[in-house]
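What follows is chain A paired twice: with chain B in the first complex and chain C in the second.
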Partner chain A sequence: MPDFIASALERAPTANPDWLDDLQAAGRQTWAASAMPTRKTEAWKYTSLARLERGAYLQPPAPATPTPANLKQHFSIEGLDAATLVFVNGSFNPDLSSDALPDGIEMVRFAEANESQAEAIRAKLGQVVDGRQHLFAALNDAWLADGLFLRVRRNTRVDTPVHCVFLTTAQDQPFSLSARLLVVLEDSSEATIIEHFCSDDLPQNAFTNSVTELVLGANAKLQHYRLQREQEQAVHIGGVHASLGRDSTLNSFHLGMGSTLKRVDVVVNHHGEGAHCDLSGVYLPRHQQHVDYHTCIEHAVPRCTTTETFRGIIADEARAVFNGRIHIHPNAQKTVAELSNRNLLTSTRAQVDTKPELEIYADDVQCAHGATVARLDEQAMNYLQSRGIGTRQAEVMLSFGFINELVERLPDEAMVEFLRPQLASLFGRQSLVTGRPE
Partner chain B sequence: MLSIRDLYANAGDTEILKGLNLEIGPGEVHAIMGTNGSGKSTLSHVLAGRTGYEVTGGEVRFLNQDLLSLATEDRAREGLFLAFQYPVEIPGVSNMEFLKAAVDALAAHRGEEPPDAVSFMKRAREVSAMVDLDPNFLKRGVNEGFSGGEKKRNELMQMLLLEPKLAIMDETDSGLDIDALKVVADGVNAFRREDRSVVLITHYQRLLNHIEPDFVHVLAGGRIVKSGDKSLALELEDKGYSWIDEEVA
Partner chain C sequence: MSEQIDRLIKKEYAAGFITDIVSDTLPPGLDEDVVAFISGKKNEPEWMLEWRLKALRSWREMVEPHWAHVTYPDIDFDAISYYSAPKSSSDGPKSLDDIDPELRSTYDKLGIPLHEQEMLSGVAVDAVFDSVSVATTFRHKLKEAGVIFCSISEAMHECPEIVRAHLGSVVPQKDNYYAALNSAVFSDGSFVYIPKGVKCPMELSTYFRINEAKTGQFERTLIVADEGSEVSYLEGCTAPMRDENQLHAAVVELVALDNAKIKYSTVQNWYPGDSEGKGGIYNFVTKRGVAHTNARISWTQVETGSAITMKYPSCVLKGDNSVGEFYSVALSNNYQQADTGTKMIHLGKNTRSTIISKGISAGHGSNSYRGLVRMNPGATGARNYTQCDSLLIGDQCGAHTFPYIESKNPSAVIEHEATTSKVSDEQLFLCQQRGLDAEKAVSMIVNGFCKEVFRELPMEFAVEAGKLLEVSLEGAVG
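Take a look at the complex of A and B:
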């Protein structure tokens, strides 16, 4: 097996803007000095990287050929009035993207940044994510050639969501690509950002390594979505790293639909007092897919709140990992934090490893956490059956409801309408009991 | 309609029903009264096929079928309906979706096409108006965050929509204020027809001021110990249950 650490560096792109040189060099250095995580590495205990190493995803994407037709169907969200920015296999695609962004939001691609924009990017880029803690973020730095910078100026409310699409298509050779997004909401600004990772329907041979940094100034409010809807052969390792200023609010929703290997780290740093984070997500691996969500909420300052709810339905021979850490530092008095993770296994061969980790070093805090793995609620099953609804359909309805409960509270109606039928069709397709098509 | 013979049943390890007999004809309204723990709810649960109960003896015929051999959903499809005393909350499943699934399942069982979405919605709104439930409740999760009275009215709404042949109301009147009680009574009275039967399980006589029963039964110690007409309910209201215990003893 090739040494992934060494080979990955050989492929590092060189055609990047000069002002990213130091970040790239630091990333290379961290990556080169690291060992590939194994199952003995705590953060990777339940997730093997063998599929990544075996896949030899070391080539960069093939040069942009004419964009395949009909890619739009894979990412368009009907009814969502959004500005769309599309990357296909790592390259920005102006044809598929909106011509104009809504007023109040500035979009700059790293590769095209002028001097002052470069300075603004450089001031924040890599500041939220810690490459020493997140090895693949270091690789993302090492491969850094382009990225997307979104900035909302202070006291500006942007009502139109920005839909950032990172789409892969199947290519002749396995390849890897980086996605990098930096979002800066200046003080008292508001925006909705959708990160959407998707693909065409062919068996994917891409490894996507994505890093997103969200920087919220004082009083800023971000509605954030991260949808992972790649075809199931895709490999994706990614992270969302957020820094929350005083009295800011981050609402972040995550959808994890299967990949052969998917690992997402969500790290939220409460940096300013009074910040609030509502983090929720659903994951639905099936067949032999593997999904791993690692979340970490750092409460470093007083009076911040976190509500975190993740739910998973694991079918067939799929496997899910959820690790939810809430770390309350000694100074973080008056923290209110809640973490809940519930899982449904719909086959005897499905697996989930769930681990809530609460680390509390302050005494005046309110914290609760819970994790469950269960079958469907018997009382609810019986209630549906008592109205004539058959067992199979009752199971589908309850499983869907289990997930839908988190989806229906999303503030953007178009998003709810987009997600609901997809989730419903996922349940309609196979028997939850046997895992076999009906 | 329903014929119960010498029924014995356990809830968990405890024997609750001890040789219960009851005959219900089409078009009849029966009230079953009794103290806490007399077996009223166990009877309704056993009939509807709720989990957690074991029938250890006896027989129940429903429309000339062996009711106890039918799966829970098949009992409903054959026309049996239980209004739950404690309806279950199911967040994430909308009331509308739930009702449509139930109506469709019953239609399929009768070999009929399910109603189209528009006529179903229309009917659902009509029925929700009948039970004085805001149509917005249709969009909410099943019973999610409903008050006690709203849950009871939701049960009534399901009954009116599903049009069962036999409706068992398990303490539907408990916890209701007088206005809500009237709504429930009006619903049941509207439902009454010569081919439909109703069993009202209740603690109190007050519901029977609004729904006139054909028969009143007293359940005690897992058996029907006394039956009569509506005057029996008044007598119970007046004298309590203790005189029945004495009479039976």
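Take a look at the complex of A and C:
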């Protein structure tokens, strides 16, 4: 097999604005100097990239054709009053996107940025993510053609959520793309951003390499969602990298569904005192899917707090990997950090590998993490059955309840209403809850 | 209070003294001749030499592991002497009275006078001074029960078939870098065989000491508990004060056949280096046990010494219903670094494992728990419970937790919990308000923190462990 590192560099570069050249070149350089992860690479110990390497993804998407009419159904969230920005196969699609953005939020596509906007983007882009530690972020830089820059000005509260859709459609030949989102919340601003990765229903042949950077100023508050609902053949490697200013709050929810291979790195840097991060997520791999969530919370300053909860239900022959790292730096006193990861295996061939990590260099901290792996609680099953609920229904109730607990906590009612039936329909499948064929 | 703290932190290593005995030491370096020399010195059978050479060849092809959360200067393996034996051993002491008086007084200073132990405590002691067993007591009493307890080189002559069947069966020569090195050059160690259905009449104990300067110690311990037997084995270590780092790469293999029980307890107090982080022992040990059907293996360790520790006593739960346990207290003060934990590999049905790990970091110490719990597809109904707690004393230390949890069986249940906290001012205040001084208060809190592990230790060790913690830690509160 040809070397993926070298082949990826040969992939025809996508046309990009000149001011991105430096970033692209630096990305190429970092990528070229990297080695492809193997099982011996700690961060990739449980995740093989063979599906990516085998997939012949290394060409840009075919030029945009007229937009199929029915794409909207794949991403629309009923009842959600949001401004929608849609990228189809890496290209911005004005037909599917909202005409106007809510007041207070500024949206610029990298490809269209004027000089002052380009300057603002360059000041922040690539500052939160470290390509040397996250090699696919370097690859994202290397392939970077377009991206989305969202900025909320000081003391502004934007009530309307911004719905960023990254949709792929099946093409004649496999392709790869870089998706890039940069969100800057200036001091004391507030916003809701939904990142939504989805696809049409045909077997996908796309490799999406996404990088999201979130920069929160002092007192800023961001409600962030990252939904992954791609079709099962898709390959997705992504990262969310956040920098939190003083007393800022990041609430981030992650949904992992679909994709044959999915790897998401979530890195939160507490850079200002008193910042708070609430990170939660659910992953629901089935069939032969592989899902890998790597989270890393860097507590670099005192008095920050983190609450992290991830839950997974692993069905069929799927495999889930979770790595939750909390790193408390030497002067990050008075940190309070908690992490919980719970997994349900519903099939004899399902697998999970979880590693909650604590790395602590300060003494006046309260840290705890917990991880469990099990199947449905027999006592709970007995309880339900003794009250006349059938085995099957009890299984659905308990599985759904396990996940729904996290979904119910979400602040946007429309999101809850959107997610709930989708999750419920998953658990309606016999094989997911019992491991028996349908 | 800070003066008191300084005084206690700077307290000299209480067991640090050097015994002057003329040693029979090989020049530094390692090649096939050295291995042949060691093997010849032990008068070993041909197969054993071959076994060692195979290990040496594998070792040469392996690379030193660097994944642990520790940093230390590179080890020059050519600067180590691979064999050192007390001179007097060639005559072979016939009884306790024949033992070198200076060696005897070494043990006296450590509080384990052999003759008293024989009479009072009922503990048999196989004292390993550097690499060769010089005294084995209670052998006859054990013989009556059919228990074989001797040095591994003796065992190779007395019961070669048992040694050959089990040596390397749990930790193969190629297992890891340090196990391969050990397999090539191990000089001696203990061997225990408990026959079918026998409950060992007394607790077996080995005191290891590292003595000769610049000498790596390569112990090899093999314990075989035949079907339905039971044994409790105690290993305790102290080492004299040295300026240079000393490498210790031991291998311990436990074989618990059907329905057998092995309890292996360790108190490790090797020289941790001085308060500047200079010197101290490198303790890179491979310990592993295989539990067959209904067998139980229990590891208990109190690790207070060594500059660098990399140690993961593990259980392979091969047979159905087998049980693995790991109870650990690891302390790192000054510049000590410990990366320790366990592996529980569940292969059989209804296998169970418990991990209780207590890490204490003080001064500039760094303490990591690294554990693996693996449920293989066959581990139906298996169960694991893990609890790792870290206590931080002082703001320069580090406490880390790296648990690897892998499950391939839906009916297996794994629970992992970890917490990190410091000795709180409120706790200290409460104790002091009731008339305890700060030192006593910390000691009490730490002892309470470690209670779950200490109660797993045999009585004699529990006392020593408590004392060790006091010496190593008490008053190190900031």
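Observations, loosely collected:
To be clear about the criterion, the second predicted complex is superposed on the first by the 429 of 438 C-alpha atoms of A that agree within 3 Å, B and C clash if a C-alpha of one lies under 4 Å from a C-alpha of the other, contacts with A are read in each partner's own complex, and residues count from 1 in each chain.
Simple rule for what comes next: contacts are C-beta pairs under 8 Å (C-beta built on N, C-alpha and C of every residue); 3 or more make two chains touch, one makes a residue touch a chain.
Bear in mind the structure is a predicted one, so any value in this text is a computation, not a measurement.
Aligning the two structures on chain A places chain B and chain C side by side, free of any clash. Among chain B and chain C, the chain that touches a larger number of residues in chain A is C.
Within the superposed three-chain model, A:368 lies in touch with chain C and out of touch with chain B [touch as defined at top].
By the touch criterion defined above, A:194 reaches neither chain B nor chain C.
Once chain A of one complex is fitted onto chain A of the other, the partner contacts of A:419 are absent, as it touches neither chain B nor chain C. Look at A:408: by the touch rule set out above, it reaches chain B but stays clear of chain C.
By the document's definition of touching, neither partner reaches A:82: not chain B, not chain C.
Of all C-alpha pairs spanning chain B and chain C in the superposed arrangement, the closest lie 16 Å apart. For chain B in complex with chain A, the residues that touch the partner chain are 48-51, 71-73, 75-77, 82, 84, 87-88, 90-93, 97-98, 101-102, 105-106, 109, 141-142, 158, 162.
Chain A meets chain B in the complex at residues 378-380, 382-391, 393-394, 397-398, 400-406, 408. Within the complex formed with chain C, the residues of chain A that make contact are 42, 46, 330, 333, 343, 345-375, 435.
By the touch criterion stated above, chain C contacts chain A in their complex at residues 67, 69, 375, 377, 390, 392-422, 478.
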